[in-house]
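All chains are identified by letter, namely A, B, C, D and E, in their written order; residue positions are counted from 1 within each chain.
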Amino acid sequence: MSKIGVFICHCGENISATVDVERVAREIGGMEGVAHAIDYKYMCSDPGQTFIKEAVKKYGLDGVVVGACSPRMHEPTFRRACAEAGLNPYLCEMANLREHCSWVHEKSEETTEKAIDLVKMLVEKVKKDKPLESIKVPVTKRALVIGGGIAGIQASLDIANTGHKVILIERDPSIGGHMSQLSETFPTLDCSQCILTPRMVEVAQHPNIKLYTYAELESLEGFIGNFKARIRLKAKSVNYSTCTGCGACIQKCPVKKIPSEFNAGLGTRTAIYVPFPQAVPNKPVIDRVNCNYYKRGACKICEKTCQVGSIEWDKEDEIITEEVGAVVLATGFDVKGTDFFPEYGYGKYKDVLTGLQFERLASASGPTFGEIRRPSDGTIPKKIVFIACAGSRDPAKGIPYCSKICCMYTAKHAMLYQHKVHGGESTVFYMDIRAGGKNYEEFVRRAIEEDTVNYVRGRVARVYEKDGKLIVKGVDTLLGGQQVEIEADMVVLATAGVANCGSEQLAQKLHVSYDPYHFFAEAHPKLKPVETNTAGIFLAGACQAPKDIPETVGMASGAAVKVAALFSNDELVREPIVAVVNRLAPPLYSTCVGCFMCETACPYNAIEHEEIKGRDGSLIRTIARVNEGLCQGCGTCVAFCRSKSIDIQGYTNEQVYAEVMSLLND
Amino acid sequence: MEKNHNISDLQLHTGVEVVRCYQCGKCSAGCVLASEMNFPPSYLMRLLQTGTKENYDKILLSNSIWLCLNCENCLGRCPMEIDIPKLMDYLRTQSVKENKLHPDSKPILAFHRSFLDSIKYTGRLYEVGLVAAFKFRTFRLAQDMAIAPVMYLKGKLHIFPEKFNDRKRMKRIFAQTIENTKTDNP
Amino acid sequence: MKIGYYPGCSLTGSSREYNESVVALAKALEIELVEIKDWNCCGATAAHVMNEELSLSLPARIMAIAEEQGLTEVVVPCAACYNRLKMTQHELEDDGKRGRVAEILKMPYHGSLKIINVLQMLETYGAENIKARVISPFAHKVACYYGCLLVRPHSILQFDRVEDPQSMDSLIRVIGGNSMDWAFKTECCGAGFSVSRTDLVAKLSGNILKDASDRGAEALIVACPMCQSNLDMRRGAINKTLAQPIDIPVIYITQAIGLALGIGANELGLKRHFVNVEL
Amino acid sequence: MKKLRDRVAALLDEGAVSLVIGYEEGTKRPRPLFCRNSESSGKLIFDSRCFHNLAVYVTKKELVGKERFAVTAPISTLRSILQLYVENQLSEEKLLVLTVDLNGELREFVTFEEISAYVAQFEMKRGEREQEILSKIEGMTREERWKFWMGEMSHCFKCYACRSACPLCYCTKCVVEVNRPQWINPWPSPISNMEWHVNRAMHMVGRCTACGACGDACPVGIPIDLITRKMMEDLAPEFGYIPGQPAKQGNALSSWKLDDREQFIR
Amino acid sequence: MSSSTEFEPKIIAFVCNWCTYAGADLTGTSRLKYATNVKIVRFPCTGRIDFLLLLKSFAQGADGVIVSGCHPNDCHYTSGNFHARRRWIAFRTVLDLMGVDIRRIQYSWVSAAEGSKWADLVNNTVADIRALGPYAEYQKVAEYLEKEGFDEEA
C-alpha cells in the first residue's frame, strides 16, 4: 500500500480564509494510502519545506501531495524539496487550492468540499506516479541567426563576442536590412548608414561569424541544443572567391531599368548588381529573372567584361546542412505599399509615397542624392503632406494595431523636409502623437515649434490628383471637424509596418507560434519577450512586432545573452514529460501494430520507425518509437493511439483515469 | 448622474457601438455636406459618446441628421466600420417622434411624405402628383416651373398615374408599418 | 439569355430614356427581359428615411412577386432600386425581420432572388460578345460616374472595387471609348435632395461636372437615373453656381453602348435629355 | 470465371504466389477459400454474391505466412486493402490483387495507385436496408435515438464478432483488453456496450470503408455497421476525404485544417 | 445564491496546462468568483484528452463536461488544439447519432489571459447544465446495469 504524505498550505490566509484547511487535512488523513497529513501556514517557507523533508524520511513516504497554490507557481519548489529528502521529484504533485479554489469561491461548506476533492484527486494520481529521470541532452555550441538587418547583425556580433560560433544567413545579396535604407535616425538625426556600416563590416570580418548572403532557411529539424538546419544558398552566378568586386560588369550590364529594391522602387538597378554601394559583401549577384542571358539565352556581356572570369552561368542553388544549438530569428518587417489604399489612389499617383520611399529621397545615397524631388517630374515640392496611421490602427483594413515607429519617423520626415526645402510648407495629419521614449517628445516638439511643421489632428478621407497637384481632403477634429483641403505637391503615407512576407511559412518550418498578423509570438509578453514557445529559438527585432532601432538592438542583445546562457552548459536537463511506446517481451515486443497514424499526428516529427529483427536479422515487425529529444510532451499521439500503446510520462492513462474517477466516485 | 437611456436604445436599434469611434475624423473629412452641417459626423459621434441628454437633444435639433444624404462615404472609409448612415436614419426617426425638428427638416420631410403618399395610393411614383403635393406642403409654388413643361414635352411626365392592381395590399403595407401607431415609428 | 426585369418608377417617368435604352440594348444583344408583373415602387430614400418596416416591405413585395413568377435573376437598372433591393435582401437575412415582413405582406418571401445591376448583366453577357457587335466605335473621351448607390456599401453589395470602380470604364473601352481617370467617380451628387434642397444639389453636382469638364470629358457616363436627372435636368441651377456654364451631356452607359452598336438616337431616348447630346 | 481460375492455377503452379484467398460455394452463400495449390483453384467462384470482405485475412500473419500471396477482391475488399496500405499493414511486394471488372475482364493490381484508380470509379451508396434504417434514425429526436440504441445495445453480449469481421480491427491488443486502466468493462451492459461501439466508431473515423462486415457478423442483428457508416457519411465531406479512397498520407483524425468547424466551441 | 434544494450539477473540466489552466489561475489571481461545481483536471494539451475520459465521466455520474484549451494558433505545441478540435467534431457526430445529449459537453478556447472568460464559461455552463437537470437518462442506464448485472430486464 502507498505511503503518501499530504501537506495543506494556509498560504497565510489566502487559502484558510475560505477553506477549512484543518478539515481538509483531517479528512485526507483518513484516506486509504495516506500515511501523513498536516496543514501549515506557509508550506513554501523554509520550515514548511522542512516539514515535508522530515516527513519523507520519517514515514518513508512514496508520494507527496501539496495542497497550496498553482503548480505553475511552486511545483519546482516542492519537487526540489522532495528530491533533497531522497524522494524522486516526480512523485510529488500539487493540488491547486488557491487559484482554483479559495480565491474563486466564497467561504462555505462547498468550497472546503471542493478543496478536499481536489486533494483527493491528486492523491489518486500520485498513487499511480512512477519515478522519472530527467532527460539530459548535449548542446551544440553554435548559433544560427536568420536575417541580416540590424537585429541579426547585433545578435550575431554579441554571440560571436562571447566566443561562440555564429552562422548568419540573409535572404538578400547584402546584409544591412531596412536600417541601411534609412536617411537619418530619430531623435538624434545621425546618419543611419554612418552608424550601421562599421557593424556590417565587423560582421564580415569577425572570425566567429560565418556569413551566408543570398541564402534562405530550407528546413529546421531537431530540438534545443541539437538543431539541424538545411540552408539554401541561392545561386549568385558569380564566384565570390575570385570576384574582386571591381564593378565593371555592373557598368556594362545592358538591363538597366529594373526597379531598385534598395531604393524602394524609386531608382533603378542592373541585372547583375550590388544592392547599394556600401553592401557587405560588396560583390554582385545576377538577378536571373531579369538577366537577358537567362531570359533569352544571349548577352553574356558581364562575362566578357570580367577580368577574372568569375561569372558562373550554370551554378545551381546549393543546400548545406549546419548543426546548431540555438536559433535567433531576426527577419524584420515590411511596410504596406501605397497600392494598399483605395482612398489614396491605389498607388496610381507617383507623388504619393510610402515613408520608406521618402527615406530614400532624403538619403544622400538615394536616387536624388538627398534632394527631395517629385518622382513624377523631378521638381521640388513646395507643399507636402504627411499622413500618419496609414493602414495602422485601422481594423477595417485588417491592421488594428499601432505600428509604433510612424509618429517618430513622420516627425523626422517633416523636419528633414523643412531643413532641405527652404520655404516649404509641411502638414502632418495625425490621430495621436505617440512619442514615448528618451528624447522623443522633445524631438516632436522641435518639429512643431522650431521647424514650423503644421500638425493637424485628423485623418485624411481621400487624395486625388488634379492639374499636377495632389488634393488632400483632410479634417481638423480639434476645430470640431472642420474640413481642411490642401493642394499638395507630394503626399507621404506612414504606411503600416507588417510582418515580412514568408514569415508564416518560416514560423511553420520552425514550429514557432505567430500572432494573427503573422508576427512571431514571444513566449510571454512581459517575462519572456525574446523567447519563443519553442525552446532554443529566440526573437530579435521587428519580426516580433514593429519597433525602432534602439529597441531592436536591445532585443537583439537580449536574445544573444539567452543564446550565450544556453551555451554555457555542456548538457541540458529536460523534464521527462515525453511520450513512450510500450515494449514487451518477445514475441509481442509491443502492442503497437505499426499503423503510424501517430506519425502524422505528431507536431514535432518525434515518431520514428523501429525495426524489430530476429536473431537471423530478418525483419519481424516495424513499430513506433518516440525520439525523446524531439518529443515536447503534448500527448496528442496518446489520445490518438487505438491500442493505447503510447503513453505519456507524467500524464499517463492510469494517472488521468484515476483523477477523473476520484472526482466522481463518492 | 442619471443614466441616459437614449444611447443604449440607439445601440440596440442600430447595432452601432458609439464607443468604438476614436475620433479620427475621416468621416468628416470626406463628407460632401459636412460644411453645411451644424455638426460634422465625427463631432456628432463625440456628442453621442458623452452620453448626456443635453448633447443628445442638440443632435436631434440639429440640421446634421437631415442633411445626411446617406451616400455612405463615411461608412465606406471608416476604419472602425461604424454605420453612421444607419445611425442617422435612427436619429431622424427619433427627431420626428420627439418633435425636435430643425427648420431644415421641413422641405426634406415634406418631400418624403409626398413621395410616400404617392406610392400609397398608386403603388408607384406619380411624379406630377408628387411635385404638386410637395409644393402644397412647402408653399414653394414657383419651384421647377421652368423645367416641368420641358419634362412634359420630352415625354418625361405622365399626366395620369400608371396602372397598378394590387392596391389593397399596398394599403395594408402602409397600415401595418408607417401608419401603425403601436409600433415605435413616427 | 433570359432574365427578370424591374424597371422601377423613374424609368417609367422622368427617366424613360434609360428604360428605352436598356430595352433597345437588350433586344440588340438578344437578351430577353421579363418584366415583373404588377410591380410597385421600392420606396426609395423616402421610405428608408421615414420608416424601417415600410422600407423593407415595399422591396420585399417586389421580390416576393418575382419569386412567385418563377424568376431567379432580376436586373435592376436604377441604382437606387438596385441598392434598396439588395439592402432589403441583406436585412431580411435576419429571421425576426423576415417574419415581420412576411406578416405584413401576407406573401411568402424566400430571399432566393439574384439581384444584379445593368453593368453586371453586361459583364455576364460578355465583353467579347459586345465587342463583336460594335458597328461605330464610341470614340469619345468620357468620365464614368458611378455615384453612391451602385457601389456602396461595398461590404453588402460586393460590386466592383471601392473608391475607384472600373466596370463602367472597361465597358467604355470595349466599345472603343476613352474613359479617363478623374476624381469624382463615387462622390455624391446629392440627388436625394433634388427637389427639396436644390441649392445644395447644385453645389455638389457642380463640383462633379467641373472636374469632368476640366479634364476634357466630352460626356459623363452614368448608370443611375437619380444621378442622370440630377446632373441633366438641374443643369440650369447648377450652371448658376459655376463661373463657366458646362454643357457636356450626361448619358447612360446603355445609351453609349447602344450608339456603338448602331442603335438610333431616338430609340435610345437621346432626344429626351435636357442637355443636348451631340456625340 | 474461367480466366480467373486459370490465372490462379498458373500463379500457384509457377510459384508466383503461395496462397490465393478467394471464394467458393458455401451452404447458403459463398464462403472464403484458401487455395494453396492449383487443384483447388477449380472451386473458385467470383460473382455478385461474393461480398464477404476478404481483407480481414490479409493481415493475419499465421495465415498468409512470409511468401507472396494473392486475393480475389470485390470492391469492398479493394477499399479495405487500400486503407491497410495507408496504415502500413501491407506491402506491395507481398500482395497480388485480382478482381473481375464490370465487363467480366480479369484485372491484376500490384500497386496502391492502380487499385486506387480502379476503385475511384465506384460510388459508395446506401443499399435498401441501410437507407431504410438510417432514414428511420434520422427522423428520430435525440431522446428517441437514445432509446433506440439503448434497446439495441441491451442485446449485445460482447462476443466481438464485429471486431473479428472488420479488416481494420487488426490490433494485437484491443483497447477492451487493456486493463490499466480498464477503459471499458469487459462484461456486457448497455453502457459499456455503447462505450465499445462509440469507441469503435471513433477508431474508424476516416478509416471505415462501409463494407458492412461488422453488421453482417453480429449474431443478434444490431445494425452496428450503420454507426460507422453514418459517422463516415457525415464527416467525409467536412474533413475532405472520400470514404474507401484514402490518400496515402495522413488520416482524417491525425490531420486538420485551419478552418475546421468550431461553432460549437464557445 | 442558490437555494439548498436547487440541483447542483457535477461538472468536470478537462483543460490544457498552457492556456486554460493558466487562464483559470488568472481568474484566481483576479479574485473573480465562480461556482464550485466545476473541478479542473490538468492535461498537457487538449490534444492529450482522450474521448473515452468524457464517456467515462458521464458513466460515473458527471452531469456535464467542459473541455478547454488554447485558441487556434496559440497552442503551445502548435497544433494539439487543431487535432483536438477535429477529434471533437467527430466525437460529437458519433455521440449525437447515439442519442447522447451533447449539450452537456461544452467546448471552449480560454487563453492564459482570459481569466474572466473562464469565470463566465464556468458560470454559464453550470447554469446551462442546471437548466438541463441531472443526466439521469444516462446515469440510470449506467448505474443500474453496470452494478447489478444484466439479466434482470429484457
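Assume a residue touches a chain if its C-beta (ideal position, glycine included) is under 8 Å from a C-beta of that chain, and two chains touch if they have at least 3 such contacts.
Being a predicted model, the structure only gives us computed values, none of them experimental.
**Student:** Which chains contact both subunit C and subunit D?
**Tutor:** A
**Student:** More C-beta contacts across A-D or across A-B?
**Tutor:** The comparison resolves to A-B.
**Student:** Measuring between Cα centroids, what's the chain most distant from subunit E?
**Tutor:** C
**Student:** Quick one: subunit C and subunit E, Cα centre-to-centre, how many Å?
**Tutor:** Spacing between the chain centres: roughly 56 Å.
**Student:** Report, in whole Å, the distance between the mean C-alpha point of subunit A and the mean C-alpha point of subunit C.
**Tutor:** 51
**Student:** Could you tell me the distance, in whole angstrom, between the mean C-alpha positions of subunit B and subunit C?
**Tutor:** 22
**Student:** Can you give the whole-Å distance between the Cα centres of subunit A and subunit E?
**Tutor:** 33
**Student:** I need the residues of subunit D touching at least two other chains; which ones are they?
**Tutor:** Answer for subunit D, listing residues that touch two or more other chains: 175, 183, 253-255.
**Student:** Send over the residues of subunit E in touch with two or more other chains.
**Tutor:** Correct list: 51, 56, 79, 83, 87.
**Student:** Quick check: what residues of subunit A touch more than one other chain, meaning two or more?
**Tutor:** Counting only residues that touch two or more other chains, subunit A contributes 343, 462, 601, 640, 653, 657.
**Student:** Which chains touch, pair by pair?
**Tutor:** Here the touching chain pairs work out to A-B, A-C, A-D, A-E, B-C, D-E.
**Student:** Could you list, by residue number, the parts of subunit C that touch subunit A in their complex?
**Tutor:** Its residues touching subunit A are 161-164, 181, 183, 211, 214-215.
**Student:** Could you list, by residue number, the parts of subunit A that touch subunit C in their complex?
**Tutor:** Interface residues on subunit A, with respect to subunit C: 342-343, 345-346, 348, 462, 464-467, 471.
**Student:** Using the touch definition from the top, list the residues of subunit A that touch subunit D in their complex.
**Tutor:** 588, 591, 593-601, 622, 640, 642-645, 653-654, 657-658
**Student:** Would you mind writing out the residues of subunit D in touch with subunit A in their complex?
**Tutor:** 87-89, 170-175, 178, 180-181, 183, 203, 249-251, 253-255
**Student:** Give every residue of subunit B touching subunit A within the complex, in rising order.
**Tutor:** That would be residues 22-31, 34-35, 39-43, 73, 77-81 of subunit B.
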